[in-house]
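Input: one structure, supplied below.
Note that the chains take the letters A, B, C and D in the order they are written out, and that residue 1 is the start of every chain.
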């Protein structure tokens, strides 16, 4: 792939000239929006090909030729890890883990507010809750829909916590975006390219869950669809992959946490609830995720798991969650005191 | 799940009464359209629960309680296998295998027409070709789009063959449906429930590919979304699952062919091209699929694979394809002569 | 890897000289017995390294440098496919499929003889039956042991059919070899290197089952352990791999049949019984395996599956088996008449 | 399964009477040695069957009927977690994590001693090192064999650290046992039942690695083979399972740590080196394993990874290892101070 980065002060005309030259040379290309500027990407370029001609074009800042198919998501082109602002004053990737918590599905006003207040007191900074639920069969509870969105807004007004919720189509994304702080793409839609393209054009951070059998490259390429549209705020969320062992709902692949840290600047969070499907494994795997270097967690908490309409067996009670947060905090500070802003060594 | 089947002559009022009774009992429910009538489905029913009350309601034909989450797709509720008409005079599941063939992507008028004529002469009955291509990263060739659809229509006009093409969103499905005979859902979108719901409302057969790591139940539940919307024409297409071995692009899971025959009335076809990713494995696996009892094949054929913009290494030449068709025909008739309409024994 | 092939008339001294030169150059090496001569193999050789010096040594026939780690099992070094004699007058790989059939476990004289006679009448050429059974937990029926071996010998004496049985350790292999015609290595022992080395030194064909999650390369490398010991008669048996879907016991990976044909000269057979774990899938998958080009089948048949001590649900009755054999024969001849000695095209 | 536990003071005759009654009732059975007494196990018992008759037999302490196929390894029959003495004064499972470290393969006196001293100084309590190496193909370095065992003994004499090494067959196990403190079963041999039976009769702790695609039940059933032979000292070692993603050598399945804690009393350790295959992921995954509640670690450390004959890319340097140990210790104490002897909640 050839990546032509336009300089900050470059003009529309400079950009057009690069594109014309690409087209003239018989190369397909795509203009991508990136950090403060435009990129012209062409996949019709072999490695080792001469990139010099484009360097001389006016308005071109740099030209790279790479085998990587997710350049904007890579550290090589996209740059180092850096804090990302998710909502006013709320950052991820600034050294302090960010915990998003709440019920799997928004079920009622009472359930949502009780859970929201509880998780906030325990230290969560973002409220999660599903209004539109992806369900394997059409007869299962599909979420409260727009009523759920209204309840999430009310919970935000009450607690001040930003909210994250899942969207399953471009239409839903466009409809939900004005109301909700962070939009989530579920595992089943990780390669719903139509949805990803729409999210690239919206001004909302995206929590992108890993597909059930997605490789790390496919996941970063899915993120690239969003980044290429100009939306730089993508958070990667590991939620378990599908394997042969059925003792847990999925197989939490925690090694991707340090692995992604070496490949991308995007923040990485872990969802131990969907990964394991069993509440009693959520606390140990949350601690493990933070010990592995995750930037945050997404945890299902319910004020009354036994009555949950969806995924009760994997939800923590408010007490379990508060206990986990205390332990996580002690652990984090012990690791951090030893080595502020703990990061794995990337090269030997 | 409780499945209340309304009788053929039942009225809207009969239906409403069942629904009201469901709601009154605190049960969620969904009205599904099925073979010549309506169904009221409720997942809020435990197995063994008394179904008698609903039997006495006017307009109710039958009431079943089942653990199966894809009742319309099942043989139990949905009935026996039966031929399905895909386009005027074109049937699948009538005993004779149906072969769909053509290029991975529509690339040009010349390429499409040459390939279409070639596969037709060799015995293919449906032309396949992608106009909208799902690609892992945003910089790869994404298909010719509406221009591709126009070329497919031209190829149909020239050869008389119905055409099948992939759609990736509700919007695309609605736009493409008036022009194209059969709509394909790709592996990555098998659980794009928004798309499935839209397809349930369109009057077009749907070729539903298995997701890369979908279980057979999840696949049938995805089909159920379409069936529940009133569209009865769903064809299941096995195209390989993801496994640890990377010698083939995917792992063709041929055992699902006879397995599905025992579970569902829907026709089952096999795509050996995406399953293996290697042209030299396509012919043996095509024969294997038919020997296992598949109702048809979806095969990638290109008039000049070396020049293909997409998936050349897995495309057969026209000569390879013609050779395969001759062999397949001999094999099929030998099996069929021995035992007309060969089907595996379903119960001992 | 460097492969130095000694010429047929070469002396022990010639061999020693090659070895000394390897050692003198600081390379580790291993002397392997191959088709009618010795090989000196060294893994301490980079691709592209100069092989000329060894070519000039007396007694050296050829020198190759390859990235392949299973040279004797490869077509490149090990040669083309060729018929293999398994017992007096019994060949595999000669164009006619060879079927091995019998019960999972030898249970009694009556059961074994009834099954043996039945499968022979239907066209099986080898009797299979387990005397030593690998079982996941120590409290399950572990086979009749030496008594089972005696019964297998009696069944052979009665029917004239050679027999194949599983061995699980070097000790068992050495003890069983004088009594039994073909030794089987089960999936769990595919990388029991101690057992493989012992089998390399015995004069008995080995039926080497694929490990539950073995790649094709690992499988061929396991075969290489046997070949390198001087035993050239290895048959590869696909029996399903482990995947996420639990509708079948394993996932039959039939694409490896044509794939292996392009990589190795060793014969390839398929066990549809363990692969599927369901008797009603055995016949369709047997036909599929032969259509894909397999050299033979290994099928579980029991004179009374309902009473089987082991794997009854995957065993065919004698009638089912006879029916399958008739169909297989018709199918095979139709394919073969069209193109005698059907093989997939290996290069375009 | 029926489990008859004999009382401590029961006689041989009491045991025989239970066995005779089992046999008389047409049940197969196996006598297993367990904690301070004998068990008679029979798999020929359906759940719900009456166990009363055996309760009345003399010398019988208890009778249980269970669906679990690894009773001695279960908490239900085998009891609560408890510290296990591995060598004089060396315990595992006593609340303090135990770290085993050393090179993948013993290569030379110098390499082994330098590494042994280094890991000891950093806090490792057991020295690991392979003398017999399982290698996928027969031409790779297979280990120093008996010379390697001698070097391990020398390193133990010098440092005082007990040593653990892999054995691959019954013969090797019997030969190595008198010289080495802890015997390791590799992933490829997890279901080498002949080896497991031999280890059940030896007086040495066994480090039982999980098979590459073994379920948790199969793993515990493999442990049961050893326990049933009378050897109570089995340590379970998670080392990654095989999945579709090839960015790491295997997929570390850390959720099994808390899961196993709820199922078995056996200690659980984690090998992050084989799991990831990449040294830069070893430290984060080591911390994650301890945070998840592992009883210890098995870490590959080499005094000079660049020169390692085997698995250099996954070996830590001595400095990396020392750094990891410091961090692990801080983290562990922070977690432990909060909640001494941290264990996940097992029941809600």
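The rule we apply is simple: contacts are C-beta pairs under 8 Å (C-beta built on N, C-alpha and C of every residue); 3 or more make two chains touch, one makes a residue touch a chain.
Values in this document were obtained by computation on a predicted structure and should not be read as measured data.
K.L.:
Equivalent interface to B-C, which of A-C, C-D or A-D, with over half of contact pairs matching by residue number?
P.N.:
Matching more than half of the contact pairs of B-C: A-D.
K.L.:
Find the chain most remote from chain D, comparing centres computed as mean CA coordinates.
P.N.:
Following the centroid criterion, the farthest chain would be B.
K.L.:
Approximately how many whole Å separate the CA-defined centres of chain A and chain D?
P.N.:
37
K.L.:
When the centre of a chain is set as the mean of its C-alpha atoms, what distance in Å lies between chain A and chain B?
P.N.:
Chain A and chain B have C-alpha centres separated by 32 Å.
K.L.:
Taking each chain's centre as the mean position of its Cα atoms, how many Å separate chain B from chain D?
P.N.:
Spacing between the chain centres: roughly 48 Å.
K.L.:
If a residue has to touch 2 or more other chains to count, which residues of chain C qualify?
P.N.:
Residues 213, 217, 242-244, 246.
K.L.:
Residue numbers of chain D touching chain B in their complex, please.
P.N.:
Within the complex, chain D contacts chain B at residues 242-244, 246.
K.L.:
Can you check the complex and tell me which residues of chain D touch chain A?
P.N.:
Those in contact with chain A are residues 213, 215-217, 241, 243-248, 251-259, 262, 275-276, 278-281, 283-285, 287-293, 317, 320, 326-327, 330-331, 333-335, 337-339, 344-348.
K.L.:
Residue numbers of chain D touching chain C in their complex, please.
P.N.:
Going by the criterion above, the answer is residues 1, 28-30, 32, 41-43, 69-70, 134-141, 168-172, 188-189, 191-195, 197, 212-213, 217-218, 221-222, 224-225, 228, 242.
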